[in-house]
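In this document, chain identifiers A, B, C, D and E correspond to the written order of the chains, with residue numbering beginning at 1 in each.
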Amino acid sequence: MSPPALRVRDLTAAYGPVPALRGITLEVPAGGVAAVLGGNGAGKSTLLRALSGVLPFHGGAVTGGEITAGGTSLRGLRPDRIVAAGVVHVPEGRHVFARMTVAENLRAGSLGARDRRRAAEARDRVHALFPILAERSRQPAGLLSGGEQQMLAIGRALMAGPDLLLLDEPSLGLAPLVTARIAGTITEINRYGTAVLLIEQNAALALRLADHAYVLETGAVALHGTADELAASDEVRRRYLGVATSGEDEEDLGPGPAVRPLARWAG
Amino acid sequence: MAAAIGAIGLNLLTGVAGQLSMGHAFFLAVGAYTYVWLAAEPERAAGHTLHGLGWPPPLAAAVAVAAAGIAGGLFSPIAGRLRGASLGIATLALVFLGQHVLFRAEAVTGGVNGRAVPPMEILGLRLADSPEPPVVLGVPFGGLEMLWFPGAALLALAAWFARGVVYGRPGRALTTIRDHEIAAGAMGVPVARYRAGVFVVSSVYAGLAGVLLALVFQRAVPEYFGLALALDYLAMIVIGGLGSVGGAAAGAVFVSLLPQLLTRYGDAIPFVAQPGEEGLSPSEAARVLYGAAFVAVLLYLPRGLRGLLPRCAAPASRARAVRAGDAGDPPR
Amino acid sequence: MSGEVPRLEVRDVTVRFAGVTALDGVGFTVEPGSLHAVIGPNGAGKSTCFNVLSGLCRPASGSVRLGGTELVGLPPHRIAALGVARTFQNIALSPHLTAAGNLMLARHRLTRAGFLACGLRLPSARREERRHAARVREIAEFTGVAAHLATPAGLLPYGVRKRLELARALCLEPAVLLLDEPVAGMNGGERREMARTIQRVRAGLGVSVLLVEHDMDLVARLADEVTVLDFGRRIAGGTPEEIQRHPDVVRAYLGTEAPA
Amino acid sequence: GGGESGGVKTGPGVTKDTITVSALTDLTGPYAALGKGVTQAQKLYFDQLNAAGGVCGRKVELLVRDHGYDVQKAVAAYSEIAPRSAALPQVIGSPITNALRSRLESDKLLTIPQAWAHTLLGSRYIQLTGTTYDIDMVNAVAFLVKEKGLKAGDRIGHIHLEGDYGQSALAGSRFAAEKSGLKLVEQQVKATDADMTAQAAAFRKAGVKAILVSVSPKQAASLAGVTAAMGLKVPFAASNSAFAQQLLATPVAPVLEREYYVMTAATPFSADVPGVKKLAGDYQKAFPGQPLDSSVFSGYTTAAIVGEALKKACAAKDLTREGIVTAHRSAKAFDIGLGGAPQDYSQWTRPASRAGYIVKPDKAALGGTRVHQEPAESDLAKSYNPPAG
Amino acid sequence: MTALAELLVNGLASGAVYALVALGFVIVHRSTEVINFAHPSLLLAGGYLVAVLHDDIGFWPALGAGVAGAAALGALVEFVVLRRLRSGSHGTLSIVTIGVDIVLTVEIARRIGAEVLPLGDPWGDRVVQVGGVTIAQARIAALGVAVAAITVFLLAFKYTSWGVAMRAAAEDRATAALMGVRLGRVSAGAWAVAGALAALAALFLCVFPTPGLDRATSFAALKALPAAVIGGVDSTTGALAGGLLIGVTEALAVGYQDEAALLRGGFADIAPYLLMIVVLLIRPTGLFGTRELARA
């Protein structure tokens, strides 16, 4: 059997003195899809930053543990070496190169590709996936709408032809139709052998796409199992799927935890 | 010290509001020369007549500071419109144009040679070198030394004022304009007005610094108020730490004192050739050390000298902006 | 107080950028105190519509009236002063200011202290600062960001920053609240939490809310009325139920996922 | 303070065994070349003086401070060294001298600036050596009229730097042009300008018959090169600061050797004057490989002026600052055997001399110039009185 | 009429040299968003190398060595200083270059000493006469080189991977790193190119009509700053346009200072800056600069 696409052991990381990851262990099987769920601030984005080596850009550092991808150790490598090893990360919040055109953004995506000859092919695939990017190819990326930028960010990552794709909230700000299309894309590239580590707030979607899932809480893995197991768990259903459990009224969302109501300001 | 005041003003503009100004030298000059012109008696020197109004020095100083503010105000149509680097470069033009005018306006500035600065007189006390200085504790206590006290008081006042601005309502507005102009507008901040406003405030600081500098140097020379000076001020705030009041003062001390110290003790730098020999002369060595110190400070203290002052660490002091914010650490 | 919230009327607004017509004769009305959702595919012009409302973008033609006041042509800060507050799709907080500082910024129009007053720390300025800090704290507690007040906004996780944006908009004491994808980047539980907060805002403050969101469940739960945009044009409008069944909307936006 | 030791009254800068004199020089700024030559020559002079027993049984020590041509730095350096100095045999830069003027006067320090703007005249404590720039230009116009056939009604160009140097030269050329009925075409340039094409084109357009040059050596070379290339063949008459030996290594050397005349009070090293020959030999021995140019001459003579003043003051048993100045001002026809016209130091509102050499660049000559005309005072210069500052 | 033509032509010719210098500023700014205050010292270094080598190895090899040497120096500065400043903001980096400039300038100026060093170029003081207008051959070469260099960079920035990587890194380092861009190499490359361009610019600054290289040559670099700005600091075409514009403005101001009283007294020196203010008022990002993109 081929080695897993990604194996993380006891990974710890911190922003300065503040720990952000406390001993994460997880695995993405070769050609598989794993999902990471977790609330705001759980450390999901930090995890991906640690994997792709950009944590130092955010003032953080990996402080312990091992990361191997397809047999090579990634820990301590520079981001460009990690990309060269076939691991590509789509950061949270788009980060398109606003002053470059859409076409140039895609081109930037293929800079780290190991096989540049296939760039044209990859571009055609991206254009087929998101026709708007072909239409707007000469427009500065910064002028695209939020969702269009998200499409560009994903398309840009696909240009590199990665072995392992790290996706941080790909559906952020995308219309339902497009979200569905992205789900399709993930399944498709997965079929051609690209493994995916998926962070997704749309837990229903994530659990549908993934084989395995991990739930992070304050920088540590709180739960893990197959996607189906987790989808069935009450805890996950309530907290991450947002499904109302018994006792809560579907219609008006119920009273929720006690919060002092806000009154108009008198001053 | 005078430099510190100027640096604080520039830091309000560049560090807090993100408006790069390379034209600070111009406003220093406006302050310095307005003071000289108002306070000096008319005289003849170096072949031409120098005008002067002979006002009492304190009044002249106050008006000079105001004049610098007005000059800043006149520039505000530009200051309000441009931002960041473009503004920096537009103000750069101000330096060159300003210098041109200074060189030409010989009747006021003394042209290339500059002109003497009338000493400050407060309550009959002359703050200038006199032939018979009173000696205190064995140190001749000239007027120049006495200038220290009002100077230090002004600096303290300027720093206190600046902190109030930075951590108060205008400071927040300026920071947001720097970080996200669009959001600032949408949150109700009149962006152009604030840009212009902070430009005026920083010009006032520069004007005050100009007056003090003139008093310290006892002579104002147009050549001095050039690009190098403007860059020095930028260096001060960057070395001190952008956006920090204390940092600006520290940076100012660093930038203005280091070359003097190095020149003075240049002979003591090891491995330096004596004049006439091949190799680095003391003054060259001093220059090199100065340049290297620049680089070294920024290499090892990425946040500037402010990084040395734990008390002023940015998040901590910023948090003080709102006392209500002492909710303790967020859960991580 | 809710009686004072004026009606917001958008009429025939057209916005063109080089080569793109982002809005094409769009019009709708937000009744006082109601929650009006704007939905549509990516690039349909929803955010552009918000930009027109908040004065960041000047339409080629059309009018926006808030009560008796025409908003088109006013600069953003004047519109904010009329009580129109917004959040941004791509978070637009000042990363170096603390969360508290970001919230205090939104009090700008409600406070007076200028350079002089703050520099000299006049008693009036300090009193004002204290009073408003208390209210900011109240709003922060209400929106669930109180724990983060002392942290520079740039260091907060995405979801918290989204909530901070909402809190900031509330700090403006708005009459009309424009929310651009407020629950993006939140998981199911957090979304419910956010939805609850929005409902409470309406109930407590009686403000009108204009909401852009791709989460149809949320829209269906919260909205009184929905306007659908596609390619800059208004293709449908009505109650959430009507919209979800509207064939054009299903085709252009919801896809097959929509309940049939 | 002051004191008395061994019957000699002393003042600041004079101790039992040393007399300190100071140089405010430019070793890192635009006039570094000048500063270096002057400073080394002064070192040479004082070393020789000390080797010969010093003054009043004391060694004379030269304290050097570099200001990089920055007035404010110079003022700071002055504040540091002034209390320790008995005289200033070197101050480079007329803006700097001007800036220090009132302090020099109140400190009563004998000062010899390495600048020759007439605006520096008029102070008992400041001694300009030789001719001033305006005198040079007056002599230059006289020379052009006499030898190069310029007539009333002709146009004559004057390219000058902004600042004291250029302004002073301009005062002379304006006076002389008016007296001679010439029409002056002025072009002002800035120290940082390097390419004189536009100025040359303007001169050609104006149809000038000769060009006066009061800019930096490099600018002068550019001008000479461009005018030659444009086919504008006219004589140049230059201020002493508008030529440097180093130019003879550049492609414009032939042009300079052909039609370039430099007005200077400094004796060229190729002149047949024994004192100068000895100085050349001594200097090359002390600083082998260093260029031998007018900065060396100027440095050495100015040091000598101070040296002589000290000796005289010693003889008068008064080494106070005032004593030194008085001693210096007693020289009516100063001449230490280094060529040139004798200098009158007894009055300070007029230049010490109105006669200067006219020299021509010459690659083969020691120091790069040879004498074209011995020092002579033109009639025009006699009738000229610089407005004292 | 010839007079005007001559002024224009000469203005364009000296503008070409400004353009070359400005291009150096622009390249570094475009690829790292740093205002490179060390450019003057790179310029001095490149010129110095050519000056000392041309006697021994001939002009063209010396020029090659000068360009290579200045490029290496640029890369070295990047490697030794700027790279260690990873976290630094663009502003900090710009200030650091001031320090670098001080150190380098002192050292090179010391080596140059009081000399005026000819560069031994093949053009000498030859001029071309076109219809009564005289132009130095060296200036024609400068114009050619400037246009060529600018075309090359324009194309390189737009169409090569290097250019794309450069711009990506300038805009967002972290994200560029995620694309596999080797940040160190990219910025070292930009500095090397800036160094090479500085050496070329030095060549044309020091050949006829100027007599040679001396320690003040670097001041001329300052004149190119308004050129870079007028054109737009991020535009290579702008550098050319700005340079030419400044050259012409200056030539006209000098040429007509006798006719118009306004132009007298060194007006030519500030004309570029006045022009710059006017341009900035009309177009805050310069003639060819990309407008600041902003959308909420």
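Note that in this section a contact is a pair of C-beta atoms (placed from the backbone, for glycine too) under 8 Å apart; a residue touches a chain by one contact, two chains touch by 3 or more.
Chain labels with UniProt names: A, C = ABC transporter ATP-binding protein; B, E = Branched-chain amino acid ABC transporter permease.
Treat the numbers as computed from the prediction; the structure is a model and nothing was measured.
Minimum number of contact steps separating chain B from chain D: 1. In terms of the distance between Cα centroids, chain B is separated most widely from A. Averaging Cα atoms per chain gives one point for each, and the point farthest from that of chain E is the centre of C. Inter-chain spacing, taken between the CA centroids of chain C and chain E, is 48 Å. Centre-to-centre separation between chain C and chain D, using Cα means, comes to 75 Å.
Taking each chain's centre as the mean of its C-alpha atoms, chain D lies 36 Å from chain E. A straight line joining the Cα centres of chain A and chain E is 44 Å long. Of all residues in chain C, those that touch two or more other chains are 47, 54, 56, 88-90, 92, 156.
Among the residues of chain E, those in touch with two or more other chains are 87, 106, 222, 265-266, 269, 294-296. Among the residues of chain B, those touching two or more other chains are numbered 103, 182-183, 186, 281, 284, 287, 330-331.
Residues 1, 17, 19, 40-44, 46-48, 89-91, 110, 131-132, 135, 138-139, 141-142, 144, 155-160, 170, 173, 181, 184-193, 195-196, 199-201, 203-206, 214, 216, 221, 252-258 of chain C are the ones that touch chain A when the two sit in their complex.
For chain A in complex with chain E, the touching residues are 52-54, 56-59, 78-80, 83-84, 88-89, 91, 95, 97-100, 104, 107-109, 111-113, 116, 140, 142-143, 156, 160.
Residues 3, 6-7, 10-11, 13-14, 17, 106, 109, 113-118, 124-127, 134, 136, 205, 208-212, 214-217, 219-220, 222-223, 250-251, 254-255, 257-258, 264-266, 268-269 of chain E are the ones touching chain D in the complex. Of all the residues in chain D, the ones that touch chain E in their complex are 28, 30, 32-33, 36-37, 162, 185, 187-202, 205-206, 216-218, 221-222, 225-226, 228-231, 244, 246-247, 249-252, 291. Those residues of chain B that touch chain C in the complex are listed here as 160-162, 164-165, 167-173, 175-176, 178-180, 182-191, 197-198, 201, 243, 314-315, 318-319, 321-331.
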